[in-house]
Every structure is written in C-alpha cells, then in structure tokens.
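First chain A sits with chain B, and in the next complex the same chain sits with chain C.
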Partner chain A sequence: MNGKELVRITDVTKVFKKTGFFRGSSSVLALDNISLSVKKGEILGIIGESGSGKTTLAKLILGLLKPTSGSISFADVRNHEHESRKPAVQVIFQDPYDSLSHMMTIGEIVAEPCFIKYGRSYVPEKVRQALESVGLIPVDEYLHKYPHTLSGGQRQRVAIARAIVTQPDMIIADEPISMLDCSIGVDILNLILEMNEKSGITFLFITHDIAAATYICNNIAVMKAGKIVEYGPKKQIISQCSHEYTDSLLASARGEVIKNY
Partner chain B sequence: MQVLKIQGLTVDFSTKAGIHHVLKNVDLSIGKGEIVGLIGESGSGKSTLAMTVLDLNSRNRIVSGSIRFMDEELMTLDKEKIRKIRGSHIGFVPQSSMNALNPLMRVKRQFVETIKSHTDMPLQQMVELIARTLAMVSIDPARGDSFFYEFSGGQRQRLMIALSMLLSPELIIADEPTTALDATVQSKIIDLLKNMVLQKHTSMLVISHDLHTISRVCDRIYIMYAGKIVETGTREEILTRPRHPYTQKLLSSRLSLMAEPVKVNGIPGNPPSVLKEYFGCSFLERCDRASLVCKTEKPPECIGNVKVACHFEGES
Partner chain C sequence: MHEKKLLQRLQDPKGLIGLLILFFFIMMAFLAPMLTPYSPSDASSQPLLVPDGEHPLGTDDVGRDIFTNLLYGSRTSLIVAFSVSFGVLVIGTLAGVFSGYVGGNPDRIMMRSVDIFLMVPDLPLILILAAYLRPSIWNIVFILTIMGWPVGARITRAQTRTLRVSGHVDFARVSGAKDWYVIRKHIVPDLYPIMITSFVMQSIRAILSESGLAFLGLGDPSYPSWGTMIKYAIGYPLVFFTDAWMWWLLPAGICITLLVLGFVFVGQALEGDK
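Let's look at the complex of A and B:
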C-alpha cells in the first residue's frame, strides 16, 4: 500500500444468503470480486443503479457487514503528535427524514458521536463548531430544536454536522441529495466540497446522478450488478467512457432519449 | 376546449398551530391533449393542488374558488359523485408509488377492483383490458399474478401509471412520477408518460420539483412558489427566457455534465412559512433584485394575460 492510499479494497465478494421458510435457501451476489482504492483527500464517486451494490460497499467499509471473501485494509494516518492510528470513518445517510431521531434535539444528535467516542469528557464547544461549519447559524437557535421543525436541507446539514463532529478522516455519503430539491441539493454539494478543501476529509460519494458526481468528484467508479465496470478520473469518464451503461447514464443526464437500455 | 380550469383557488388548513395558507389564488388550465407541468419546491403546495382537484384532503380544509372539469363544477359536487369521477375520468399517480398498492393483494386483483368500482364489465373483457394496459407499459401480463413487492422501483411506477390509465380517463394527474428513481429509469418513465398521452388522447398534469427532467415532456409549465403561481409559459419560454427571479435561479441551480469545475449556486434561504400572511412579495428574502416596492406591494397575480408575478417584469 503506497502513501497516498487510505482504504484499499481487494477482491471483495459479498453474498447474501436468503433462507425462506418454505422455499429453501437462495443466495444473492451483491458484490462480485471488487477491487478499489480510495486515495487520501479525494472525493471518490460511486455511481450505479438501484441494486448494483453501492450501499453494500459502503456498509462493508463502515464495518457494518463482513465481506464473504477478500479484504478491506486501512492505511495508518498520523495525527499532530505523530502517533499513528487507523482512520476514523463516518457516514451520512440517504434520507434525512428518517436518519435523525425524533426524540432528540439537534444538540443531542450532534453530541452523540462525541459522547460515544470520548465519554462524558467531550468538549461541548465542538458541537457548536460543527453546527457552525455546516451553516446552521445562529447555533443557539438550532441547539434546542427538534428535527421535525427543520426542512429537508437543514436536516441533511445536521446529518453532516453529526458526521464531522468527531473529525473523521473519511466520510461515506450515501445518496445525500437524492431526497432533496435540486436547488437545495446544490448547496449540500457545495458544503461537501468546502469540507473537502478546508479539512481535507476524504469523501466516498455514492449517487445515481452522474451530473452530481461530475460536479464534486475527482475520480468516479461506475458499478453495475455488483461489479465495477469503469473507473477513472472524472474527465475520462465524461469524454471517453468505454462501457455502454456509463454511456446511457451520460445520455440521460444530457436529456437524450434512451432507446435500448 | 379546456379539460380542467382552476380559477382563484385558495386553500387554507386550520390546525392547532393556526391557519396554514397553502394555496393562494391559483389559476391553472389544461387543454385537451396537453401535458402541463407544475414545478415547485417541497412545501410549495403542488400536491395540495392535486389533492384538492381530487377532493382527497377535505379534513380541516377551507377552500374557495372554482375547479371546472369538463364543464362541470367540482366544488359543488357531493362526495359520491366525485368518487365516480376519480379513477374513471381523472386518473391519479400518487407520490409514493413505491408503496401505493396493497402488498397483500395480487396486482391483477387490484386492477379488477378499480374497474369493478366504476363499470359493469364482464370478466373476460376485464382480463383483456388489464392485459392490454400492462403490455402498454411493457410489463408482461403474465406477471399480473405477482405481488406488488416483487416488482422493482421502475416497474412499480409503471404499474401505477397503468392503473391510472386503465379506464382511459380524460385527465391524469401524476404527482412526482420520477422522484426516487434512478436516472436511466427516470427518462424511461418520462418517455412512457409522453407515449401514453399520445396513444390514449388524454391530458396530463405532471407535478415535480425537478424542472429539468419534467420539462422534456411538458407543453406548458407553471412555476409555483409558496402557494402561488409565479410564472407560466410554454416550455420554450420558461427554459430559454425565464423572467421571474425564482425561475431563473431554479434553472441556474441545475448541475450539468462538466469536466471543468464551475461553481453552481443553489437558492439561499428557506421557503417562507405558510402560517404567515405576506404583505409584499413572498420571494423577497431570497431575491437578488428585491427593492422597496417588493416589501410594500404585492406583485401582480398570474391571472389571465399576466404571465409573471414580479414587479420588475418587463424590465431588464
């Protein structure tokens, strides 16, 4: 593993076994021998249709699922005191209407990861900083609000604040804008870009919208039926894609009629 | 001839928190064979408009204005008569089509149920009609015996479209038909909607927040903001010469395919609260062009020949 890589995924296969009560068992191949590396400080886009295994990949990196075969390795990162440790990974989920607890205030939601990580000794100032950096200003107004009083865009900002509060090295954003209006979605994308530039957080941006991916990503991987069918820098994907699925995605983003896909 | 003509429709809902002013003096008309788009952000009242036409939201509702469907005033009809119109004359594709059908009934039975409640068709004819409609949306008629959850997202959406078309209604209202679908599936659904309208000679009202996707099929477009129509025009007018600042911002917040990094700006600020009454323009706080007159005077209403609800219409 060279110095630039943060996560390397080698030959990962994930099979889901389905055991029906009457029908016997069947299995679904969600990821088929995937290899991918995420570089430090980049925004890597993963594009694919529903059921192509994008979210499974995210869950494997997060450690929520174990791969059936293959390995996922993390590079060591060094902090200011030059101690080496494994990178911290956080996640932003697709649906901001469901991913925030209705029973907790915004302050509690954002403080929870700190609480889990540092115990009672966490610094409350960090929560305020996180909310400030996602643009929920004035912070005092939002700290004691409940999620149901916020709009979709504001909720997604809370989800992002929750992800950045523990200062992770990498954030996995699983379709963060697909539930939002396009005018609000652009603001969220700009926020992700800003986080990437200012704090150097690595992003894994999962989406089915190729236009959004080309807007913020450095590199793009296209997934189809559990395989990565194309991988390359953004420019290369747009101008000289080789797979027909990428082509159909580009065509639908340009507003052309898709004939045979 | 106008299939649907809405004039001066105002809808308020009374709740514990106060009166929500959801629709304010909305004028909208749909001609025969026309596809009309209604675009607005979340909470602007698009779905309320559809629900009010279908009379599905009568709880706590205070409504005034007129809704004429095929020269019949819907506002004065009783519930039973509206129920007859709904489904047979006005088809509806609801917003959350992913879970709009009963998961415990086979798809075919739900189609039969719709036909039975409106006509006395013999069984053989019903089966033929269902098979024909399913084939039209390119779903294998043999799959009518499956359950709804056995279909994929795009297929479910197509089933809902087939169900709304079943009795060849004069008007179809499709509420966010492409939201929550993949990009490639979206364009297929859009093409399907267009083909269905051509084949069945119906009219259609498409509701969406995605101006760019929906505009491909629309003949005319209404832009809605905070319960008001702020701009209306043909597709070319809206896409090439938007005149209201909100429409201009909506269009410029689109992400296009680009290899070079270009900064795209969204629309800053939040949509206004429905609880407050605004004396001036409701877009005031998010508008670049806002000036004193916007604060004190209401902009012109989008009625009759007025196409843009902005004080500065015609200037710049």
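Let's look at the complex of A and C:
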C-alpha cells in the first residue's frame, strides 16, 4: 500500500445467502471480485444503478458486513502528535427518515458518536460546532427538537453533523441526496465539498446520479451488477468513457452534466 | 412517535375518562380497609339484609357485607391484571428482543415454540390447568402469564427485526456501539408504545379471565372476587324473585364492565383512536 492510499479493497466478493424453509436456498452475488483504492483527501465517486452493489460495498468498508472473500485494509493515519492509528470512518445514509432515531433529540443524535467514543466526558461544544458547520443555526433552536419536526434536507444536515462530530478521516456518503429536492441536494453537495477542502476529510460518494458525481468527485468508479466496469479521473470518465454502460448513464444525464460541469 | 406524543394522546377525553376510571378502582383497592369496617370473609351479620346505613349494599346469603366484598374485589382484579401484564411484558419483551436481535437458529426455535403456544386454544387450557392446580391467585397469574407472553414476544420481535437493520442502528454500530448499547438506546425505547398497548390488552384479558375462572368456581377462595360474587348471587335460588339482584349481582357486573372499559379507553387513546 503506497503512502497516498487510505483504504484498499482487494478482490472482494460478497454473496448473500438466503435460506428459506420451503424454497431451499438461493444466493445473490452482490459484489463480484472488486478491487479499488481510496486515496487520502480525495472524493471518490461510486456510480451505478440501483441494485449494483453500492450499498453493500459501503457496508463492507464500514465493517457492518463481512466479505465472503477478499480483504479490505486501512492505511494508518497520523494525528497531530504523530501517533499512528487506524483511520476513523463515518457514514451518511441515503434515507434521512430511517437513519435518525425518532426517540432522540437532534442534540442527542449528534452527540451520540462522542458519547459512544468518550462516555459522559465528551465535550458538548463539539456538538454545537458540528451543527453550526452544517448550517443548522441558531444551534439552540435545533438542539431540543425531534427529527420528525425537520425537513428532509435539515435531517440530512443533522446526519452530516453527527458524521463529522468525531472528526473522522473518511466519510462514506451513500446516496445522500437521492431523497432530497434538487436545490437542497446542491446545498448538501457544496457542504461535502467544503468539508473536504477545509478539514481534508476523504469522501466516498455513492450515487446513481452522474451529474452529482461529476460536480464534486475527483475520481469516479462505475459499477454494474457487482463489478467495477470503469475507473478513472472524472474528466477521463466523461470525455472518453470506454464502457457502453457509462455512456448510457452520461447520455441520460447530458443536459445536467453540461449545466453543472 | 415518541414518549411525549404518547402522553399527549392520553389527554383526549377518552384517555382522561379511562385514566379516571382506573384511578377510581386503584383508590378503591388501596382504601378498602378505610371505607368499610368489615372484613370480606366476615360472615357474622344477618344473611340477606336489605341495604341500609350499616350495610350499603346489604349482605349475602351467608351474612357477608356485599359492599366490602366489592371493594376488596377490585384488589384481586387489579393484582391479577397488573401481575399478569407485568409478567407478560417482561418475559415477552425479553424473548422478543432476544429472538429478533440474535436472529438465525435461536430465532427460529423461539418463534416455532411461540407458534405452538399461540396455536393452543387459551380458554380450555386455562380451565384444565386451573382445575388441576391448587386454586390460588398466583396459579391463575402464572397460567395467564404463560399463555400471554407469546403474543408479546411476537410483536416485539417483529419490531426488533425492523429496527435492527435501520439506519440509526447501523450508524451507532459504525460509531463503535456494542450490542447492549444498541438494545438499550435504540431498540427498547422504540418498543415503549407497543409495550404499553400490550400492557393494556393483557390487563383486560387478565381481569376477564380471573372473573370468569372465579365464576366457574376455580378462583382463589381467600381472595374476594367479583366473579365469585356473581357466582354466589346467581347460585342463590331466589335472587331474581326479590330485589336482591339489584345490590348483590348488578354491582359486581358493573365493576367488571367499568374496569375493563377503563383499560379499553386508555388503550384506544394511546393508539390514537378518537
């Protein structure tokens, strides 16, 4: 693993086995021998239609699922005191309605990662800073609200705030804007860009929308049916794509790509 | 739907009436010794007295004060109701959460045994068991709990399974949460609404079953029960030929109906019915 890499995925395959009582067992090949590396500080886009295995890949990196075969390794990162440690990875899920517990206030939700990590001795100021930096101001107005009183865009901002509150090295954003209105989606994209530039957080940006990917990503990997069919810098993917699937994605989004790019 | 909303729901008229009825019976149970000078088994009065100042509802055929028995009867009903629903709640929730959270083979085994419990018809089994076991109130509580927990386990398990794969649980895991934290903070709080509804349902079931068993003579003789009162009243051959049924039979029936109605109202208010 060279110095620039943060995560390396080597020959990862994931098979979901379903064992039914009557229908016998069936299996789904969700990821088929995937290799990919995420470089430090970049925004890597993963594009693919629904069912192509994007979320499965994200969950494998997050450790929520175990690969059937292959390995996922993390490079050590150094903090300010030059101690090396494993990188901290956080996540923003697609559905801002299901990903925030409706039994907790916004303050509790954003504080949760700190609470899990440090126990009761976490710094409450961090929570306020996180909410401020995602634009939920004035913070006091939101701290004691419940998620069901917020709009989809505001909820997704809360989800981003709790992802950045522990200052992770990498954030996996799994289709963070696919359930939001267009204009709100652009705000969220800008927020991701800003955090990438200011705090140097590496992003894995998963989407089915090639326009959004071209707007913020440095590199793009295109997935289809559990395989990576194309990988390269954004410009290369757009201008000289070699796979017909990428071509069809581009064609369907052409109008927007030109507008945003 | 979180706790606050649940309490708000209780504030509509139905919920308030329900709570008021429950409060009335709880007071009745607690204050029974202060409200009457007699003991429920004290048979020293004249039998079959007509209501007067000393005996507000008269006496029964063996000379027990009916009003006293009515008061102490609410104790029995409430003890059975709360013990059974508490037992069902604890066992059902533990089993359901465990089964849904662990999944796999333990889940399969647990759910098959729940299915078997659910398939066995309640009432005949309760009757048989009650007839063979010693007629004690705790045996009744035991039987009703054993027959009731699978219902609780089924619903908590279903909810646990959906929660286990929800985004906020995944997020907590990614942040480093252990199973115990996830269950305590993300799963159990979400079960409060169904836990409360199941508590109410089981209470109703327990009250009706206890009175029914007592009516059939399978109750605990040392605990005065509304069901027993109805049984003796109806068993007395002349009850319908005099006015005695008005103060002997009717009040016990009204108490059972009212108490169940109280729980029904609270349950409906919690579920958001208007």
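What to note about this one:
In this text, the second predicted complex is superposed on the first by the 254 of 261 C-alpha atoms of A that agree within 3 Å, B and C clash if a C-alpha of one lies under 4 Å from a C-alpha of the other, contacts with A are read in each partner's own complex, and residues count from 1 in each chain.
FYI, a contact is a pair of C-beta atoms (placed from the backbone, for glycine too) under 8 Å apart; a residue touches a chain by one contact, two chains touch by 3 or more.
Nothing here was measured: the structure is a model prediction, and the numbers come from that model.
Applying the stated contact rule after C-alpha superposition, one finds that A:234 touches chain B and leaves chain C untouched. When the two complexes are superposed, the chain touching more residues of chain A, out of chain B and chain C, is B. In the superposition on chain A, contact of A:98 is made with chain C only, not with chain B. Contacts of A:84 after superposition on the shared chain: neither chain B nor chain C is touched.
By the touch criterion defined above, A:250 lies against chain B but remains apart from chain C after alignment on the C-alpha atoms of chain A. Within the superposed three-chain model, A:64 lies in touch with chain C and out of touch with chain B [touch as defined at top].
Shared-chain residue A:181: touches chain B; no touch with chain C. After overlaying the two complexes on the shared chain, residue contacts for A:208 are found with chain B alone; chain C is out of touch.
Counting contacts by the rule stated earlier, no residue of chain A appears in both its interface with chain B and its interface with chain C. Chain C contributes residues 1-3, 166-168, 170-177, 181, 185-186, 189-190 to its touches with chain A in the complex. The part of chain B that touches chain A in the complex is made up of residues 41-43, 152-153, 180, 182-188, 191, 209-212, 216, 249-250, 253-259, 263-268, 270-271. Put simply, chain A touches chain C in their complex at residues 59, 62-64, 89-91, 93, 95, 98-103, 109, 112-113, 116-117, 146, 162, 166. Remark: chain A residues 49-51, 151-154, 178-179, 181-187, 189-190, 208-212, 214-215, 234-235, 238-239, 248-250, 252-255, 257-258, 261 touch chain B in the complex.
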